[in-house]
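Shared between the two complexes below is chain A, which pairs with chain B and chain C, respectively.
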Partner chain A sequence: MAAQPPARSRTDWRQPLLAYALIAPPIILVFALLLFPALQSFVRTLVDVPGSTGGISFARYQSFFENQISVNNLVFTIQMTVLSTIGLFIVCFPLALYLRFSNSRIAGWVQSIALFPLFVPGIMLSYALIRFLRPRGMLETFLNLFGAADGYETPYLKPLGIIIGLIWEGIPFTLLILTAGLRQVDNSLIESARDVGANTLQIFWRILLPLTARSALIAFCLNFIGNFASYTVPYLLGPAAPQMMGIFMQRTFQEFQRPQEAETQAVITFLMCLIVGLLYVYAVTRQRADQR
Partner chain B sequence: MRLSKTSLRIALLGIALLLVLGMSSAAAQDRTIVNVYSAGDTNITDWYQNQIIPAFEAAYPEYQVQFTNSRAAGDEPIIERAIAALTTGDDPLVEVMDVDPRNFPAAVEAGLWYMPTVEEVPNLANLSAAAQVTDLSPSYRGSQVLIAYNSELVAPEDVPTTFNELILWIQNNPGQFIYCRPDRGGSGANFVRRALYHVSGNDPALWQGEFNQQLVDTYYPLALDLLAYLDPFMYDEGAYPAGNNPVLELFASGEVSMISAWSDQAIQGINRGFLPETTQLVQFTDLPMPGGYTQLSIPRNAGNLPGALAFVNFMLSVEGQTSVVSEIGGFPAIEWGLLPAEVQERFNDVITESVPLWTGGDYNPALTEGWYNTVATDIDPNS
Partner chain C sequence: MAEQSLPAALPAAAPARRSSGVTRFLRREGFGIVALVVLIVTIIGPLSTVFFWSFAEQWRYPALIPTEWGLSYWGETLSRADIRRALPTSIVLSIVVTLLSLVVCLPASYAFARMKFRGRQFFLLSFLITNAFPRFGIYIAIAIIFFRINLVGTFAGVVLIQLVNTLLLMIWIPTAAFQGVDRALEEAALDVGASRLRVFMQITLPMVMPALIAAVLLTFVGTFYETYGALLIGVPNVQTIPVIMFPLINNQPIPQPGAILSLVLFAPSLLLIIYANRLLRGGYLTAGFGV
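After this line comes the complex of A and B, so read on.
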């Protein structure tokens, strides 16, 4: 809660109250449905330990990190998340630059196509990719036309399948944030740099990259959290083992019927995402502070 | 504003029309209503509405079926209503339900289900021994996991007819066989269970009854070791798809030439051309793979009990059972020998006298977990 507003006239006093009343429902909802249960789970993982006599114990975390399979799955999740997020930037940054500086009709088409995945549900995307990537799928048939299919190894049911799926799913969102960031860079800034003799590479390194660093950071954070917790794509396109945390948790909870272990896995996943979440909050608040 | 007024008028007209039609049709008939509920997949509910119900109404003109697809809401509320009606004496407005009565312990405890006698439902006499799985309701269709293979790629003399022969075949044909992850589809789960039967002396009775940890400790490691040994010979050195359908797709594309599959999905796949015409189905002769039966359950307080009995009798007739086999690819609940000769001939290789039923329950979690921890982990994460 913010500090009490200083005593002023009656109408002045009412206005902030109304504002608080308006934001209260979402805040209460977030607390009641998200933060409170998360905190409860976190406390339970420390206190509610089988075989413990009370007090705080890290036994549940210890058994998580002693289990090779759960560690494998965690490492695998981090790998997949980092690789797919890097892949997203490799794909999206050049695209965003192109969309920022081109006003041609083709650019409009490119943008519409790039934004298209935004309207495709994950499960449809996964099945489409299975058809496309699987052995004797569309990609291999296409490569075959050029006699290039000899070395083709399907990424379907392999880690690469997850990365491809997550990149495809993340393109529109990343592109929107990056192009928005690039549009904030004033044209006059680039023109004046050109006037004093800067070449394209210098403009990119010295002007565009530093000025879009924050939107890139925001895109990174949101993609990281989204990919870390992804379910449908790794479930349908990835291998049976190792698996990403989302699937692992669901399986531990439902198939293995071990709610306590699933809870520990969930808290660990939550904490990993929390670190990146704090980075996001930092990026956003600094942006606000700078704008003032 | 104008639009909403117009649409309101149209809606009112529509309602009026429906009312008029409803009253006139109600007045025109003296048939009694039989309420039938099914929460099955689209293939099942479509089959009820388009095949079974019209055929039943033609055979029994004194009844009219009111079919409700309960997939969205589930069967639970209807069963609760029927249990409540049991105490109040009201009509529960449900005659027949397409459910396994054992899945609803509260209903079993309340004594809700009514098992008809042979006098009431004459066709019950034809029920096969394998289909008699519960005393609460009659089974009407079964499905079983079996082996599907592409006869273009597998020579007739190589087709495995026992589990042992399949193991040999998989080793001799690396990359040509696959089953799905056991928690993602019954075709994979029942294959894993069949491996468990294999290492425990092909005796399903061993796994019936109370949960026995000793059995788990003795036989699970053997079964999982066998499957782990087979892992490198599987499709793509052990790339297990995440469901029944992805396995069928790999088979349809010709990437693998043999799979474990549900009988109904495979038969329907062949009928609809989704699977190649050269698809053949075969069942092991030493011990078939597990499967299950589905029942038609009748609440004992059904308002139109004669209608319910007639419906069940029709379903168990040769006509109803032929439809089970040819329309939805199910297994008949009556003896195969009673079906028309051409139907029998077509499914000659999959006809079995017995369908082992996996007990499930507490035996499941450890089997799935063991599979993930010993069989699936062989996949190199960096491949």
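After this line comes the complex of A and C, so read on.
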């Protein structure tokens, strides 16, 4: 790139050609390694069907939905994704509001600690939560300190373990996106609303929530997609059955050596996330259009 | 990390009349104090177990900290054959992916920032789809293709799959940085007779350097952690640290090796943490999400 000095106002035909040449490599990578495999898998689930003589067949989807285990896993994945995403917003929205309106030293500490997991690898996070939540782990040790350890039931290896892990993993970037959205709300707007007699709740519902809806939508979409196909947290913190789709796909592909079934599972995962993915692209596109 | 420039203006925090200093403080900071305590227990608490276990010889319930400290597990863990292979693999892989990503993305981001061409906005936004697909699902689809062209279990296969992950960040951060450079400065240098190359090296590049450093750091660390691609494409020949950690963590009676490898995996993050304030202020941390 050093060879490309800033072109001044040169707008002849060579510049677009050069630009296309420069952006081609990453664009080709995205198309070849994301869009093409996804589309190809989708087409193959309809066309490449064992025992079929050609034409479109839904037999692969049919056998997925006729299998009780796959259906259970899919339903379980949806449950875990929805619950952890809701939990994340319950945790993060009050924190983001607090960080938006307080600039005390305590707020600084809260922000530092809440953002810290951003720098923690997912697998280290799972390890830490295992040691924290498991029987006789650190949480039980704490509770024991206050004489409250009796009847401690560990969420480790239970569905709740997955939800806790996914929330923990999602806090930093959800908080980042929400606080960024709240910062865009002008202070003068809030003050003028208060001058004309709006109370805190009205300010929240009428001003803050509508103006941050887009950031919240982006955070929701990223969490939904990320959690839907997560692997590390459910594998290490969750139950052996039912399994989330990530584990299910990996086992079908590697342990049972059934790539075709894994492909069907993957395509079903895409289709489940498709609307949310489109919503995400739409939200970011609109956000950027507004900022310019 | 506190970089708030806006004054406190939460209506609920309006101090009550005639209350003492302490109650006023509690009214204003009550939520913050509760949040702080909860976060310390639920975030610092679990993370401290990693630190404690990696330096513990013995830690029996219900002791709050290890009952015996020591380093004996470090030598034992780091001399295991699979770990001695995985550590260089992880490091080399991260360096190769980061460098390749720079080579592929920097010219492109310069074009996005400075050149006029049709479909510019569309192509820039097309990188968002790296976030819009469930990653694990797409890797299954890629693995099926790689299987046919014999890329499964190869270093190149893992590099390719991890490279795709880095594109959004490596395009968007430098593009924003190149757009932010004041063109008047460059024009002024050109007017007094500096060559275009010199203008780029001495004016443009220094101004985008902080953003480039941020992008490189985030890419390197992100690739160092990356688990799914290596798990699905790398096996059985290319094993990275996160991949060999799964059997070490899952249902293991001896917790120390998992803790020690967690710290090893965490080490590059220290660079990010030192740089954290600048990352936060520059908005680089959210760039990876397309925001």
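What we mean here is this: the second predicted complex is superposed on the first by the 265 of 292 C-alpha atoms of A that agree within 3 Å, B and C clash if a C-alpha of one lies under 4 Å from a C-alpha of the other, contacts with A are read in each partner's own complex, and residues count from 1 in each chain.
Here, contacts are C-beta pairs under 8 Å (C-beta built on N, C-alpha and C of every residue); 3 or more make two chains touch, one makes a residue touch a chain.
Just so it is clear, the model here is predicted, and its values are computed rather than measured.
Participant: In the overlaid three-chain picture, which partner chain does A:Asn223 touch, first (chain B) or second (chain C), both, or neither?
Facilitator: Touch partners of A:Asn223: none, neither chain B nor chain C.
Participant: Which chain, chain B or chain C, is in touch with more residues of chain A?
Facilitator: C
Participant: Thinking of the overlay built on chain A, is A:Asn187 touched by chain B (first), by chain C (second), by both, or by neither?
Facilitator: A:Asn187: touches chain C, not chain B.
Participant: Tell me which partner A:Trp109 touches in the superposition: chain B (first), chain C (second), both or neither.
Facilitator: The second partner, chain C, only.
Participant: Would you sort A:Ile23 into first (chain B), second (chain C), both or neither based on which partner it touches?
Facilitator: Only chain C; A:Ile23 stays clear of chain B.
Participant: Can A:Leu278 be said to touch chain B (first), chain C (second), both, or neither?
Facilitator: The second partner, chain C, only.
Participant: A:Gln287 contacts which: chain B (first), chain C (second), both, neither?
Facilitator: second
Participant: Now for A:Ala38: first (chain B), second (chain C), both, or neither, which partner does it touch?
Facilitator: second
Participant: Looking at the overlay, does A:Gln257 come into contact with chain B only (first), chain C only (second), both, or neither?
Facilitator: Only chain B is touched by A:Gln257; chain C is not.
Participant: Who does A:Gly137 touch here: chain B (first), chain C (second), both, or neither?
Facilitator: both
Participant: So which bits of chain A does chain B touch that chain C touches too?
Facilitator: Dual-contact residues (chain A): 130, 136-137, 235-236.
Participant: Which chain A residues qualify as touching chain B in the complex?
Facilitator: 69, 72, 76, 79, 130, 134-137, 154, 156-159, 235-236, 239-242, 251, 255-258
Participant: For the complex, which residues does chain A have touching chain C?
Facilitator: Its residues touching chain C are 1-8, 11, 15-16, 18-20, 22-23, 25-27, 29-30, 33-35, 37-38, 40-41, 94-95, 97-133, 136-142, 144-145, 149, 168, 173, 176-177, 180, 183, 187, 190-191, 194, 199-200, 203, 215, 218, 221-222, 225-226, 228-232, 235-236, 245-246, 249-250, 253-254, 259, 262-263, 265-267, 269-270, 272-273, 277-278, 280-281, 284-285, 287-288.
Participant: Mind listing the chain C positions that touch chain A in their complex?
Facilitator: Listed in rising order, the residues are 1-2, 4-13, 28-29, 31-33, 35-36, 39-50, 53, 61-64, 104-108, 110-112, 114-118, 120, 123, 125-138, 140-145, 147, 160-161, 163-164, 167, 171, 183, 186-187, 190, 195-197, 199-201, 204-205, 221, 224-225, 227-228, 231-232, 235, 242, 245-246, 249-250, 255, 258-259, 262-263, 265-266, 269, 272-273, 276, 280, 283, 285-286, 289-291.
Participant: Write out the stretch or stretches of chain B touching chain A in their complex.
Facilitator: By the definition above, chain B touches chain A via 181, 183, 236, 238-242, 246, 249-250, 253-255, 364-365, 368-369, 372-373, 376-379, 381-383.
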